[in-house]
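Mind looking over this structure? Questions follow.
As written, the chains take the letters A, B, C, D and E, and residue 1 is the first residue of each chain.
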Amino acid sequence: ASHSGFTNAPGDSSVTLGFNVPQTGPYADEGADELRAYELAVEHLNGGGDGGMMSTFSSKVLDGTGILGRKVEYVTGDTQTKSDAARASAKSMIEKDGAIMITGGSSSGVAVAVQALCQEAGVIFMAGLTHSNDTTGKDKRANGFRHFFNSYMSGAALAPVLANAYGTDRKAYHLTADYNWGYTTEEAVKSSTEAMGWETVAAVKTPLTQTDFSSYIAPVLQSGADTLVLNHYGGNMVNSLTNAVQFGLRDKQVNGKDFQIVVPLYSRLMAKGAGANVKGIFGSTNWHWSLQDEGSKAFVKSFGTKYGFPPSQAAHTCYVQTLLYADAVQRAGSFAPCAVAEALEGYEFDGLGNGKTLYRADDHQCFKDVLVVKGKENPTSEFDLLEIVEVTPVDQVTYAPDHPQFQGGALGTCNNGA
Amino acid sequence: MDAIILQILNGLDKGSAYALIALGLTLIFGTLGVVNFAHGALFMIGAFCAVTLSRLFSLSHEVLVPGETDFLGNPKTKDVPYIYDWFGESTGAAIIDWSVPLAILFAIPVMIAVGVIMERGLIKHFYKRPHADQILVTFGLAIVLQEIIKYYYGANPIPTPAPQAFAGSFDFGAMLGFDPNTIIYPYWRLVYFAFAALIIGAVFAFLQFTTFGMVVRAGMADRETVGLLGINIDKRFTIMFGLAAAVAGLAGVMYTPINSPNYHMGMDFLVLSFVVVVVGGMGSLPGAVLAGFVLGILESFASMREVIDIIPGINQVIIYLVAIIILLTRPRGLMGRKGVMED
Amino acid sequence: MNVRPDFSKNANHAETAPAFLSVWDMHAYYGESYIVQGISFNVHEGEILALLGRNGAGKTTTLRAIARLDDPQVNKGEIWLDHKPLHNMKSYEAAGVGLGLVPEDRRIIPGLTVEENLKLAQIAPPIGWSIDRLYDLFPRLGERRNQEGVTLSGGEQQMLSIARALARDVKVLLLDEPYEGLAPVIVDEIEKTLRVIKEQGMTTILVEQNAVRALQLADRAVILDTGSIVFDGSAAEVLENEELRAEYLAI
Amino acid sequence: MFGLEKKDARLLLLVAVLVAFAPFLLNPFPEGSAMAQFNAGYPDLMQRFVIFGIFAIGFNILFGLTGYLSFGHAAFLGVGSYAAVWMFKLLSMNVLPAIILAVAMSGLFALLIGYISLRRSGIYFSILTLAFAQMMFALAYSVLTPITGGETGLQLALDDPRILGTSQTAGGNIPVPGLFGLEMRDSAELVLGSWVFTFNVGYYFAAIVMLVAFYLSIRIFRSPFGMMLRAIKSNQQRLNYTGLNPKPYTLAAFVISGMYAGLAGALMASMDPLAGAERMFWTASGEVVLMTILGGVGTLIGPVLGAGAIKYMENIISKINSDILHGWFAFLPDGLEDFVVAIIYPFIGKGWHLTLGLIFMGVVIFLPGGLVEGGQRIAALFGRKKASDDDSGKSAKTEPAE
Amino acid sequence: MGILEVKDVNKRFGGLQALGDVNLSVKENTCHAIIGPNGAGKSTLLNCLVGKLIPDTGSVLFDGNSVLGRTPFEICQMGISRVFQTPEIFGDLSVMENMMIPLFAKRDGAFRLHAIESVASEAELRTDAERMLEEVNMLDKANMHSAAMSRGDKRRLEMAMCLVQNPRLLLLDEPTAGMARADTNNTIDLLKEIKEKRDITIAIIEHDMHVVFSLADRITVLAQGTPLVEDSPENIKGHPKVKEAYLGEAA
């Protein structure tokens, strides 16, 4: 590419985006859904389809003629949910295909790794599904942006609902995936439930590679705990929840109360994997297709029409990130990463499904309403597994940029690259 | 005390899963000497036999539900399994409910067929090839099998519950005089344990009380000479492979209610089952079973909160640590035979 | 189509008795190396044939080819045993019609005891001598029956290897250096046994470096040199023919 | 040349030429053409080719020569990476100290693990190495997070001390690894018509290191030491009764190959300063085994070819999506186009594993000697003279043990 | 005091007394033969000398130093080389390479890291190897893959590998078994010549009496793990007990 002051400046007719999603490995289905959303977003940006959320988006600068008049093209890659592979595929998009923005991923490890890479290379990174506090906490980068919510927000949103449903006098037992995301989630849920008056009996770390959680579940009842919090995601969560239900925990009574299970981070795909075991179990989620605001309805409609089933929260966040990027470029009038970053920083918008949202300048984290959901008792279809219990307003989940759970690290300065 | 009994129970159950998987592997790896990286895939295919059967039972046609609409606002339809039409709703529902146990019957012929085809079509040509080649070809096969399953069933786990009759857990503690709820154990895991014991016993009996085992061992040590003695060793190897595939497959079928099957469950178990087999000692069936139980129980103990508090991370490494200690103190694992895969 | 073809027109030797084992124009290869280069010979029922030649002449290769082992590959030629075409068979089938080979490196099966090694030989029919009878022939094996076969002494292994062949009802016995590593008394013993089973109608091909000993026992001799037959005639003839002995056997 | 026999020298020269012209050779298709998808001549992938080449060359010294199959070699790669990144964090962004520390550390780990594991042979050895590597992975991913960065990997940060360098660049960014001012990520581009060729500093640096590593491996293969290693594979018993102690030989081979792995790890970190625990997971160890076997065990050049093949699949085939497919076959009538795309689709993009699995199987079934044998067969097709000229495989095939 | 002194060596395998109170003294620069029936314990005795087995009791002194508790390679470095009953060679290596390895061991000791030097440039060792191959008549096979050789050739190669190290004590376990007569004779000549030319002591196990009586200066007869007699060849030949238990008609 020519020397226009930043990496991969696009040509006059087209611009290339890099969609880096897990196509193999345990999160392949989630990745596939993300990719569907990206393809839909590209279609809409280029003026195809029904325009989806572009019509409900509070910003109106996108007009279906691509981005800054350039047709949107895209390349795809496989993160394999491994940070090395994800960086390799992101690099190939940057070096070979001339992608000017990288987006996607479905784990925090990958998001953090790719975010750092984009910072170095001088392109924008619009994170996909990543929930760890670190992504916009100690590992934040000036070139990286996260629309998805985080562990802290889950804890803050869940705690009041839990207190409401199960009382403030509960003894919780945490099982936590033994890696960064697990740590931040445990900490977030612990501190917000403790603030409500709950007691934490124990927090046990479980290995990432664990498949059978029986030896972790079995001692829970003995410990005197009456609530089990599963800080697990993906296969870990499916298995630990299945095991917990198998052990009949939910039929038990402890301290005179019904035993309860909580899953801080839910996704529809996971709920599907756990089957009937999710019924009645609380958790939080970034977005759900049954939301009735105009933006969500428009998105579900165009996604459903194209693919025949409703989108997942990962699909939603990826779609939104693409629009937000395009919009920021349009508003900035430039593809230069620093200009785009500036346009995104402190940007307030609405109509993209989560109500009024702010892209906070301090840490590039979106602040918006958080959904507390519950496994549905009588699902009517294989997609209808969760029901929204409460939409926690944004104020309740907002924290200071220097909140202890987000300490360390620095945003740095944005990098335009070559 | 109760905590210890509890973890022993857990360990026995985990151990029976490990032992069952290792048993199938040791038939191929420890006895036929083929480094079979596709063994996990066989386990996985077994599990998907259960999934397939329950899907077959649930094959349904759509019926309009009057007055309701779906998420796009179109008229809503409801799926009614054909099996309801044929057997009535309650029998039909019971059949679907029991699909996992029924899948055993389904899986046996399927797995034997898979094993035999795999051996005749591929592995047969690799007995005399270096282990390296066996690794590459079976690894390739495992990937292909996995990808095929992924193509049809997706990457997400597929819940495959046990029959309702086995839902919930059994209070051992109450039976032993402890407080209620101290030692509970899911019914299905008890079934799994009993099933594993049965299969292990049957395989042992088959190999112990017939000359089959001896012939296969001899054939592995020296195919040529066994041929000179008029024995068609190829046929026996094929049978052995079919048997091993069936054992792996059944282990998979029965495992589905414990953990929802997904396409990579085989790979997840693969390394562990190699470790179990080798710790048990190459070529020893009792060794593999014993190692399965030893590792299962130790893993359970290492996952106790009290233990993790003393040695952080011990639950992450216990299996490997024990494997190292056993292999260093006992040159051929727990009960390995001399000269099997030692070079 | 189990009829032996009539090779006699082209046969390079004139025998009157019908051949029991017939090898016709056999070419055998180890991969690319061409070892046995078109040999033909007959063995008659109840006869002991000595197959002689220097190291590397191709004796072992010939026996292995007849026993239908995977190596060497026989690319051309026919082998008939009692009107059955061996050349179309695999080694276990050949063993099934009565072929028994005592391999030169004994091939005791690791991991199996002496007795298991013998039992193994009696799994597939036809079954020959009983295990007790074999222990009578080689008492040392009886004493060691529960020892792992490969820990036997060299000579004991040789005994086991021979016993294993006799445990099957063989019609043709191929012996590849059966005396190797055996104490002279045992060699005498085995020689006696060979005579006995010959009386009972066994056909034998004997490969042996101790040519004189072999020739004294054998009815006929075939001498191989670099994969071709250089002599085919009576054993006595070789013993008498100084030149032949000097040239091919160095005795 | 360089104390090599003629055929080895020729092989080394050939590899050197190929490596030097890789930016051209790997970019045969003009930019923007349908086939450009298959171009592999961009810095990251070229770097990966040579780095994994080094890893596989080193692995082959152990496995190809002694027959000891280590299933935990990725652990040393991980150790090398961590050591290098720590060097970048603490000392300076110069790659030399990072590489030196990485090689030393991985050598140390290899010495320790090798000393213990080599007390057993065959599969027992393999499982011991696997167990060590899995332990290292599990700990690095979880409880050692403060040292290793855990799930997200060990990264540079703006507040790293970097005693001999700067914590931040003037622009407020993290400095990038370099060699005395020469930044690893610097590239020069050459535009020829519609072709664009990229010459990257990091690639050439890694390539030179790889050539040196390759040269050393040839020397080792041809040395008395190499012969002893092959003797170990062939008959340890005889070696013992010949008055030689097999232990230190195998251990030396283990340590050398561990250091190769550490070197590869350090180079990975130098090209891209991040070290993740997955680098030590058993699948990573398995990958180098597969690379070596795929290319040809015990051959000189095989492992490099195997590494290239697998990395190519991973990075190129996985990126082809249905959109691109439709682009290629747009010239076909609509129905046919969809049909062809439907046939190919399962094998590309997210189906790249399927293709990889089929290639593994195909290669072992049809080319028992690995890709090297394929090369030989092709060479044989071009007649005797060509075959003996281009005997990269031959020389390797006839000499080493298999 | 002989160069090799075996005192009261006992070795049991489970219930079997393989060696019982063996005493043996081998004089320097002589050839001492050990004969005896199969399973007498001859190979077991050699195994105790080279460190393959550790005797239960007793002592083994080589040149005044105990070999017990040393590893096989250390014992070899002391100057004891052994030819096995079944050929042990480096089957994956060429004949020449098989010869080079013992030469390196001789020159550099049990371990030396020659990782960068080239085998090809070791001209001196090569010449030694070639000379030795010449002596055993195998120079033409120098570049052959050693596994593909016939068994007689493998034996000769193994002997050459031992001889090229110039050991002080050479242990031969049935070195001529399976060798063609001509080569057996060559081997006898070779061993005789070496015995004369070099400072070497030979202990040989053989069932071929021709070899034993041509070479041996002294003979020990072992039976059931204990020495029956030790005497000169002439006396052994006539010894009635030996004749009965071992030699049979061959004497």
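Rule of thumb we're sticking to: a contact is a pair of C-beta atoms (placed from the backbone, for glycine too) under 8 Å apart; a residue touches a chain by one contact, two chains touch by 3 or more.
No experiment lies behind these values; they were computed from the predicted model shown.
S.K.: Within the chain touch network, how many edges lie on the shortest path between subunit B and subunit C?
M.R.: Steps on the shortest route: 1.
S.K.: Between subunit B and subunit E, what distance separates the C-alpha centroids? Give it in angstrom.
M.R.: The mean C-alpha positions of subunit B and subunit E differ by 53 Å.
S.K.: Which integer distance in Å separates the CA centroid of subunit A from that of subunit D?
M.R.: Computed from C-alpha means, the inter-chain centre distance equals 34 Å.
S.K.: Between subunit A and subunit E, what's the gap in Å when you average each chain's C-alpha atoms?
M.R.: About 75 Å, centre to centre.
S.K.: Of all the residues in subunit E, which ones touch at least 2 other chains?
M.R.: none
S.K.: Residues touching two or more other chains, restricted to subunit B: which are they?
M.R.: Residue numbers touching two or more other chains: 313, 316.
S.K.: What parts of subunit D, by residue number, touch at least two of the other chains?
M.R.: 138, 141-143, 353, 402
S.K.: Dump the list of chain pairs that touch, please.
M.R.: Chains touch in the following pairs: A-B, A-D, B-C, B-D, C-E, D-E.
S.K.: Enumerate the contact residues on subunit A facing subunit B in the complex.
M.R.: Those in contact with subunit B are residues 25-29, 32, 178, 202, 204-207, 209, 211-212, 214-216, 218-219, 221-223, 235, 238-239, 242-243, 246-248, 251-252, 254, 269, 272-277, 289-290, 300-301, 304-305, 310, 380-381, 383-384.
S.K.: What part of subunit D is in contact with subunit E in the complex they form?
M.R.: Contact set of subunit D toward subunit E: 3-5, 216, 219-220, 222-228, 230-231, 233-235, 237-245, 248-249, 252, 256, 401-402.
S.K.: Applying the document's contact rule, which stretches of subunit C touch subunit B when the two form their complex?
M.R.: Touching subunit B: residues 67, 69-70, 90-93, 95-96, 100-101, 103, 107, 109-112, 116, 119-121, 123-126, 164, 168 of subunit C.
S.K.: For subunit E, which residues are in contact with subunit C within the complex?
M.R.: 13, 16, 36-40, 42-44, 85-86, 148-153, 173-174, 177-185, 207, 209, 245-251
S.K.: Would you mind writing out the residues of subunit B in touch with subunit D in their complex?
M.R.: That would be residues 35, 122, 125-126, 129-133, 135-137, 139-144, 146-148, 151, 267, 271, 274-275, 278-279, 282, 312-313, 316-317, 320-321, 323-324, 327-328, 331-333, 341-343 of subunit B.
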